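Shared between the two complexes below is chain A, which pairs with chain B and chain C, respectively.
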Partner chain A sequence: MSEKKFIMGNEAIGRAARAAGARAMFGYPITPSSEILHFWSGEAGSEQGKKDNLVFTQAEDEAAAGFMLIGSVLVGTRAFTATGGPGHVIMQDAFAMAEAMRFPIVAIVMQRGGPSTSTVVYSQSEVTLACFGGNGNGYRIVYSPASIQELYDYTIKVFNTAWKYRFPTMLLSDGYLGKMMDEVELYDPAERGIVMEPAEPYSQGQVRTRPLAAIVPSPELDARVVDGVEYACFRNCLNFEEEALAVNMETKTAFDAVAPEIIEYEEYGDKDASTLIIAHGIVSASVKQAIDNLKEKGVFARLFRPITLNPFPAEQLRTSAKNAKRIFVAESAVGQLGKLAAHALCGTVSVPIVEYSRPSIGILPKEIEALVMQPA
Partner chain B sequence: MSKHYKIVVCGEGGQGVLSIAKIIATAAWLQGRKAIYLPNFTTEKRGGVSMAFAQIGDEPIRFPRFEKADLCVALSQRALERLLPFFKDGTVVIVNSMLVKDLSGIEQWKPYRVDATTIAKEQLKKPRTFNMVIMGAMLKCIPGLSVEGFDGALKKQFDSKYKKDPTLKDLNEKAFRIGYELIS
Partner chain C sequence: MADIIHNANPAADSVASAFPKCVRVESKPHLYCPGCGHPEVLKALGLAIDDLGIQRRVVFGIDIGCSLLAWNYFNLDTVETHHGRTIPTMVGVKRSKPESVAVAYVGDGGAYAIGAGSLLNAAVRNENILVIVVNNALYAMTGGQESPTTLPGMKVATAPYGADQYFIRAPEVIRSVNSTAFVARGITTVLPALRALLKSALQHQMDGKGFAFVEVLAQCPLNWGTMGDPKATIDFLEREMTKEFPVKRY
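Moving on, here comes the complex of A and B:
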């Protein structure tokens, strides 16, 4: 049964992970993500949590939490972590390993000010780190929700994306959404016809409903059957440059092949408006408000919002931008969404792309209105 | 333009800034209104300035921050300074008069001086009712919320605490009403 509640975004994430059938969480607390850990530890310690065999481990640091998460996924557990800011930096080592072997880890990342400790609540400055933070040639899927309801919806979704496509998957949000309280409709995914992808184990000696090769994408897997037992050989260490090239290209081809299915975006506002604003996450909510306010004054603008930052809806943005006379990118960071948008639009638009960069501070609807009202 | 009632509470970390805004927003939502709440704070638990935003309305609220407030509540002197950019014509201002002494810059807003500290300590003999006195004063200023509805919301929110200590319910309601009556 679905029910409406007035709760904090981080609690909505925890409840969604529970509704998605997640069994384990490994993490190290950091503002603005800590309430996700608090929620999960409470669940794991509850009567029902014990019945459901929930696992919660607060690791000694984020590196350990990331590798615990990988271990848990290896034995077929739908598991996740939550972090942000400097913790997000520390966890990249584990994320890169998950990229190398295509482990379906799920990470909830709540952005805060940076660099380093900085402010504890809000920014959009971990976009580049979330999308491309490994040591290269790896692929991951990154969603950017824009409301507490979407925190709930997309937390359920990231588990399915991760286990279906076997790429590390992240929900990239921020402390505004995480620490905000708003109305959210909680539901059981089954009620909405959402079928959870089975979390089947990679490692040997585990019960699987499908052969290993069907579960785990090649080429990272070398599955061998010896004396009737199926052994999995995972490698994040390769011998030759030629081998690395082959593996890297095979992973790239696999990512490119599924990207069109994964890509999500949203458009808002008057379709014929000549002013286009590109924004993601909570800033896109501010842009929507600005668009509504401007409409009352007879001024029209529209929003293009990438919901997946990686893979990026490049083709869709190009279509959207084709007839735009003015293009703005608004973000609470400098040149992160800006670079993604510029890369997507490179050579396809003749008007300048104007970046409105406000690192680590919220962008009010009024600021967007002022941008649009500027003489062209 | 958005017609939501906008509230900012600001004070020292540990004074209950976040709780006040959170309870007001939750109480509004429990009364069938749309509400949104956002805290803003620094790395310190005590010794830093905390700020919290709440908006109450009848339509869904898209963005948790805003430029100008309908109601500003300052719990300390330096909190008041942080609130000044939120002032506009008609902003209602409530100050915790024990800690906010200098009102010279904001006289035109005719701030309500609420000595919640003294009321909580001397009249109610429970310093922790400070927040309830402040919330009572705030509620008088926020349109569309009733005292009865607020009592109900508090009962729902503090259900487990009230069960443990039934005197707390009466005390909270009393503190709340004192604050409410202070605003004319």
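Moving on, here comes the complex of A and C:
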């Protein structure tokens, strides 16, 4: 039964993972994500957690947490990790392997100030890292929620996206949302008709609805059936450039094919307003407030909010920006969302794209209002 | 070394076929250099897996370096990971599927340098996995650089005037943080004993007793500069290496 509770964002994430039927979590403490670890360690140690065979391991570092997660996913476990900031940097080691082998790892990333250790609660400066980190070409799915309710909703969703499409999937949020408290509607996904995708094993599993060869790039897999038993061998060290090309192109083809199904975005405000503001995550919530405040003064603006940062709703943004006279990008980073937006809009708009960059600091509605009110 | 020979199961000495049953014959000849120690370790491991009848249950994790050439050596569920990350990968496997048998196969660089934090903490947490470290006293695949087990005075690519006096004796370190772990050091030149050691180490995991650690002294003729001279290779392995790295159960 669904219930409303006044809880912290990080707890909402933990409860959503539980509601989604996640079984294992591997992590390393780092602010602002640590409460997710605390929640899961409590669940795993409880009587019910033991009955449900929950797994919790506090790793020696984020690289190890990421690779424990890979090992867990390898044997068919709906599993996840949580990190942020410098920990997110270290964890890219594992994300790169998951990207190469199409392992559906789930990572909750709570952004904090950057670069380096910096401040411990807030920024939007891990967008590029989340979307394009590692030494690959960015074949991972990244969602940016904008409220504590969305932390709950999208945590359930990331498990399904990861296992349905078999790409590393991230929930990219921040410590403002993670540490804030709000009323959240907690529900069992089944009540909403959400069917959880099964976590099928890559190793130690003989029954599969989809053969491994339909998922893992061909140079990375050598699966053999001997005496009726399938033995799967995975590699990521390749001998020839042609093999590396094949891995990349097979992955790109698969990603491009499913991207239209995955892409999510939101528009807000008067659809005829000539001022368009592009923002994501908690900044988009601030922009909505600003739009409402401006409306009271008879000034109209609208928001385009990418919910998936990767794959990016490029076509939808182009449509939205078509008749805009002024375009702003507001983010708590410099040129991260800005580059994604500029790339999508390149050659399709004739007005300048003005970036409002406030790296590692929050953006208030009044700042957006001032931006819109300034003479063109 | 005498201990190990004494402990070996005499029945295990008879090697009827050239390969263990769990070997993927199609992937042979193997990709290692002539005279390399790795195929000996892999053969002993394969025989131990055959002995225990656990082919279907094993998840074989292999590290980067010469270890990675074992990626399709066996008909075993196998995964090549990143350098130094095989131990945590196997921790994730075993914690999530306790009925599997998780084996991490790592070189001395992967286990004692880049993956040292993971090795030590897996031992501290008494993770129920087997870690096999092939110790040839240097980084082999990348061209013979100094590793944490390079012996004093050894001339290697990154210590051309000879390595310093410091090196790690890992089984001793593992024992100091875990009093109940299975800890041993074997050598490639006494294969029946190595097979028996690995069998006992696997059994330790299957009995749910926690961390098992086997370091194996192995030859690298290419980077030792003894290619084409088996006597010099074996002399270095059996005389020089064993002086600093005793072959025994800890």
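Here is the rule we go by: the second predicted complex is superposed on the first by the 356 of 376 C-alpha atoms of A that agree within 3 Å, B and C clash if a C-alpha of one lies under 4 Å from a C-alpha of the other, contacts with A are read in each partner's own complex, and residues count from 1 in each chain.
Convention: contacts are C-beta pairs under 8 Å (C-beta built on N, C-alpha and C of every residue); 3 or more make two chains touch, one makes a residue touch a chain.
Since we're looking at a predicted model, the values are computed, not measured.
Novice: Do chain B and chain C fit side by side on chain A in the superposed arrangement, or is it a clash?
Specialist: Fit.
Novice: Which holds for A:46: it touches chain B only (first), chain C only (second), both, or neither?
Specialist: neither
Novice: Identify the partner contact of A:348: answer first if only chain B is touched, second if only chain C is, both if each is, neither if none is.
Specialist: Neither chain B nor chain C is touched by A:348.
Novice: Between chain B and chain C, whom does A:319 touch in the aligned arrangement: first, second, both, or neither?
Specialist: After superposition on chain A, A:319 lies in contact with neither partner.
Novice: Regarding the shared-chain residue A:24, is it in contact with chain B (first), chain C (second), both, or neither?
Specialist: Once the two structures are laid over each other on A, A:24 reaches chain C alone.
Novice: Between the C-alpha centres of chain B and chain C, what angle is subtended at chain A's, in steps of 10°?
Specialist: Apex at chain A; the opening toward chain B and chain C is 110 degrees.
Novice: Please indicate which partner A:374 is in contact with in the superposed arrangement: first for chain B, second for chain C, both, or neither.
Specialist: Touch partners of A:374: none, neither chain B nor chain C.
Novice: Using the superposition described at the top, determine whether chain B or chain C touches more residues of chain A.
Specialist: C
Novice: If you take every C-alpha pair with one atom in chain B and one in chain C, what is the shortest distance in Å after superposing?
Specialist: So the smallest C-alpha gap separating chain B from chain C comes to 25 Å.
Novice: Kindly list the residues of chain A that each of chain B and chain C touches, one partner per complex.
Specialist: Looking at chain A, the two contact sets are disjoint.
Novice: Given the complex with chain C, which residues does chain A contribute to the contact?
Specialist: Going through chain A, the ones touching chain C are 23-24, 26, 55, 57, 59-61, 63-77, 79, 93-94, 96-97, 203-204, 222, 224, 226, 229, 231-237.
Novice: If you look only at chain B, which of its residues touch chain A in the complex?
Specialist: Residues of chain B touching chain A: 1-2, 22, 25-26, 29-30, 34-43, 60-67.
Novice: Over in the complex, which chain A residues touch chain B? Could you list them?
Specialist: For this pair, the touching residues of chain A are 6, 31, 117, 119-122, 176, 179-183, 282, 285-286, 288-289, 293, 296, 362, 364-366.
Novice: What residues of chain C sit close enough to touch chain A in their complex?
Specialist: Listed in rising order, the residues are 24, 26, 55-57, 59, 61, 64, 68, 71-72, 74-82, 84-97, 100, 102, 117-118, 120-121, 125.
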